[in-house]
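Next, two complexes with chain A in common: one pairs it with chain B, the other with chain C.
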Partner chain A sequence: MDVADDLVLRKVCRKLQQFNVRNLDLTAETDITGDLEIDSVAVLDLIMEVEDEYGISFPMNLLSEIRTVGDLVRAIHKQAGAQ
Partner chain B sequence: MQRPTPTSNNALPFQLGTFETLVEGLDYAAKGETGYNYYTRRGELRQILSYAELRENAISLARKLVNLKLPRGARVALVAETTPDFHCFFFACQYASLLPVQLPVPMNLGGKDAYVEQLRRMIVSADPSVAMASSDMIGLLRQAVDGLEIPMVGTPQDFYTQAEGPEFRPAGRDDLCYIQYSSGSTSDPKGVIVSQRSASSNVRAITLHGLDVRPGDRCASWLPLYHDMGLIGFCISPTLSQLSVDYIATADFARRPLMWLRLISENRGTVGFSPSFGYDLCRRQGGNGAAESLDLSSWRVAGIGGDMVRAGVLNRFAETFAGAGFKRSAFVPSYGLAESTLAVSFAPLDGGFEVDRVDKQELAQAGRAVLAAADMPAEKARSFVLCGKAMPEHEVEIRDQDGERLPDREVGRILVKGPSVMVGFFQDPVSTAAVLSEDGWLDTGDLGYTINGSLVITGRSKDLIICNGRNIWPQDIEWAVERLPGIRNGDVAAFSVDFPDTGEEVVTIVQCRTNEEDAREQLLQDVTAIVRKSVGVDTKVVLAPTRSLPLTSSGKISRTFTKVRYLSGYFPATPN
Partner chain C sequence: MDLFDKIAGLPGLHEQIVAAGSDPFGVCMDKMCSATEAIIQGRNVVLAGTNNYLGLTFDQDCVDAAHDALDRLGTGTTGSRIANGTYSEHRRLEDDIASFFGFASSMVFPTGYQANLGVISALAGPGDYILLDADCHACIYDGCRMTGATVIRFRHNCPEDLDKRLKRLDSKDTNKLIIVEGLYSMFGDIAPLAEFAEVKRRHKAYLYVDEAHSVGVFGEKGRGVAEHAGVLDDVDFVVGTFSKSLGSIGGFCASDHPKFPFLRFASRPYMFTASLSPSNVASVTTALGRLRSDPGLQETLWRNAHALYDRLSAFGLTLAAPPSPIIAVKIATQEQAVMYWNKLLQAGVYVNLAIPPGTPNSSSLLRCSASAAHTPEQIDWIAEAFGQVAEEMHAYEAQNAGRYLLRQSAE
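Let's turn to the complex of A and B:
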């Protein structure tokens, strides 16, 4: 799936902006825990927010495979499609 | 709408402490109406499994497992999600004289590769005949067992659809019960062998003595079932006491901690345990009126275990939820470890927690816990929470380096003896002999002192780091960092610095060969990221010049001396 110009991507990037202390260009390739200053509790808060917003629920196996912003966006589409 | 299982059985008399095996306990509980309830993170009751259904399903599955020609004592590896399927498999093993091995569930964003590696090492150690994971998790399990010779790997459904044989074969009083992988690092996992005798002895002491379980009790738990506190404390103990349990999955608690309290509030729960950090998570979300909508007045035992009991965290929790009817006296600090099945000591019930305030300097220099004068300034004193006396049939001793027993208020190694102590580590006599003496004393690896027999934990003699209730081995952090380009074996030392109030801070010192600012900045980020990904903790990273990490006599990095140097300000501060 092409996520380059995607509404969900833009929304997710807006949420992540608060952790973007080095002012990087947030793209689908941004590594969530690697490039951003986000700790493990904040990651879970973010995931919860996304789940609530889209009325979805990520199984743990899926979360463990999410590395980049693009991975997260694809996972949101996948879960929203499955539910 | 379905209703959760009742708190008390209608006609079945309450029976405690008499069962010698898990099967005896479940056979009895199955005559009543109580059982397990599984809630979603939004607080909806997803599924119910009464002890009667659990027994029936477990026996049916046991017949299938026996029919697969699995020999007695064969290991059954189970990815232990908080689901009816896991409970069914765990008890089926009890009815088939097989040894379940509880495998962890991944918890970190992006942690897949490290998780698969961790599973694989545990599986290699446990050498199972079959392995099971839910349809969500089976893909990762299959990656973990790739190339290993495991006769059958499947989802619950794959096993349920097997043919049922005529027989099942319940584990007897002299048999083993399960293997627990919570000791040892990821790179060198150690499986604690728990027998029917050690499990039932520990449950007896927990339920009769520690919790004084009584009719009307009901449990609420988010603790992972692949750890001893979740498995013994909130699966086996309630089953052997005919108590109903309300579960939420650990990952759901991490996202919505207050759901644990909501279950207690709505179902009138009386028993719930957590490491200190779980109380802290709840407290942080308890503001803005969230606490007022709860009624925690039924909560009789708010146990603390699994990490250092932190008085500051408990005080703030009690203040936050006082308006919700939470009673400070419900706090019950405890001490235990998987090598002694689970529990070793409990503070007295209804007493809240008791703090011992000692002179920090005496403690550090002479290893003595000398009571601090009332007017001693806060920075010169250190407060510890008392964790109670050894349970009946169990003994605790504090010993010095030479194995001599120490009197009250002198800090030494904590040793434990009694029927709950493990048989040993699975297929690892060398590691077993290192901690378990021939006369049955287990060296816990923890340090502490006693006051009139009451145990106080001050630290650990091993290098283990406990962060957010999870055991983390420094070698796993070092190992992950050493795999970064440009970092060599022996360039990294990880340890934790304990802050009495907030917990442990993980520090990773990395020897760095470049003075180029961008490269150093990049390395800081890479180390933080790789540690988060592979070990799942946040670490403070300090870059140090080459050859600045102190070595032991055998030429390895000394974490202890690195930490001493770090605390003395030896390493230049790095913005992080």
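Let's turn to the complex of A and C:
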């Protein structure tokens, strides 16, 4: 799925902006913990905000597969479709 | 590329923290003098960073019981309960724990960490749902990872958030296990267990409560926050440790469920590890007896906790939660927290330094714990040190702010 133009992507990037201290250009390829240097607990808290926004629950089991912003966006679409 | 690449950042981080003085994560007690004092770097230090809530580590009865067990039963069991046998003392301790909570049975483990790994991994499996409080201890997270169950985090201490997440599962025919703690180890805040129990009943879920820090601390009989909230009957599994109020090492789980004893044959962290050593079992059995027969211990603990809390709060320090034996002082930055911690040690007080990601909300904390064994003079000593260091830190910050302003005006 092409996420480049996606509304969910834009929303996620807006949420990530608070962590973007190095002012990177946030794209689907941005590595959440690597490029943004967010610690693992903060990532989990961010996921909770995303869950609230979309009325979904993200199993923690899936989180290990989410590395980039694009991975997160695809996972949101998948969960929202399934629940 | 090598195996250690994944921890490549750690040496730099460690160096940064140690540069401010001593290593907060590698403190060596050269000599333990009592439950509340040690010699560290040649200095007599008052310990305000233990989990020795009832101060029983040097209790004469507990020490004597351990000595006696060493003489009678030897230094170790050299094997697992399943393969190499149970000592009658293990069984007696399990009976004591079950009767303490008023539950049908209990199991003991060599550490509290293993108790959570052992019970969670045996209870939940693929197809089940675990709902865990976001601030649960690492061993609960690790236990969940071993299950293959679907694991969902809910907001810390928020029954409404748990309710919302359980509602999303209402259409599914599945087992739901809610995991929370009684007293949280970092901030010292307690779970709203009456509200959690109500949510649990409504959604027909199971409730699992880790009372590691709250046994001996909360509840009329010292059984923890669930007893304190009057909902012990709603708890399906109560887990705890022997390494805090009970002054030794080990962990347990107690339950009323008739099939609970069969977890012994399903729990890998129970089956494939050596059992508790006889001297540990003996001191814990005696400590549990003390806890049950001497409510004065809990009263003294709370008197000390309130005294320390009031003194620290009078200095204008930001405390993370209402009074409890865990008193966490919030510090604005990690750098300041490390400096603060070093100055306290130099002033003869040991507390715990807690920094992200080991803490909730990326906070930096100086975590203190009160003990029933602290004397009023020791509480005074701890408070005075905090007052003195707070003043020094204040002066340092003011000076830094001054420098910053000067630099700004120069620019």
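We take it that the second predicted complex is superposed on the first by the 83 of 83 C-alpha atoms of A that agree within 3 Å, B and C clash if a C-alpha of one lies under 4 Å from a C-alpha of the other, contacts with A are read in each partner's own complex, and residues count from 1 in each chain.
The rule we apply is simple: a contact is a pair of C-beta atoms (placed from the backbone, for glycine too) under 8 Å apart; a residue touches a chain by one contact, two chains touch by 3 or more.
As the structure is a prediction and not an experimental result, all values here were calculated from the model.
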| item | value |
| --- | --- |
| Fit-or-clash call for chain B and chain C when the two complexes are aligned on chain A | clash |
| First, second, both or neither for A:Arg67, with chain B first and chain C second | first |
| Contacts of A:Ile56 with chain B and chain C, given as first, second, both or neither | second |
| Comparing the two partners chain B and chain C, which touches a greater set of residues in chain A | B |
| Touching partner for A:Thr33 - first (chain B), second (chain C), both, neither | first |
| Touched partner set for A:Val8, first chain B, second chain C, both or neither | neither |
| Against chain B, colliding segment of chain C, chosen among 331-339, 349-357 or 403-411 | 349-357 |
| Footprint overlap on chain A, where chain B in one structure and chain C in the other make contact | 39-41, 44-45, 47-48, 57, 59-61 |
| Residue ranges of chain A touching chain C (in the complex, touch as defined) | 39-42, 44-45, 47-48, 55-61, 83 |
| Chain B - residues contacting chain A, complex | 41, 81, 105-112, 115, 136-137, 139-140, 251, 254-256, 281, 468, 525-526, 529, 532-533, 536-538 |
| Chain A contact footprint on chain C (complex, rising order) | 134, 144, 150-153, 155, 165, 168-169, 356-357, 359-362 |
| In the complex, chain A residues that touch chain B | 31-35, 39-41, 43-45, 47-48, 51, 57, 59-67, 71 |
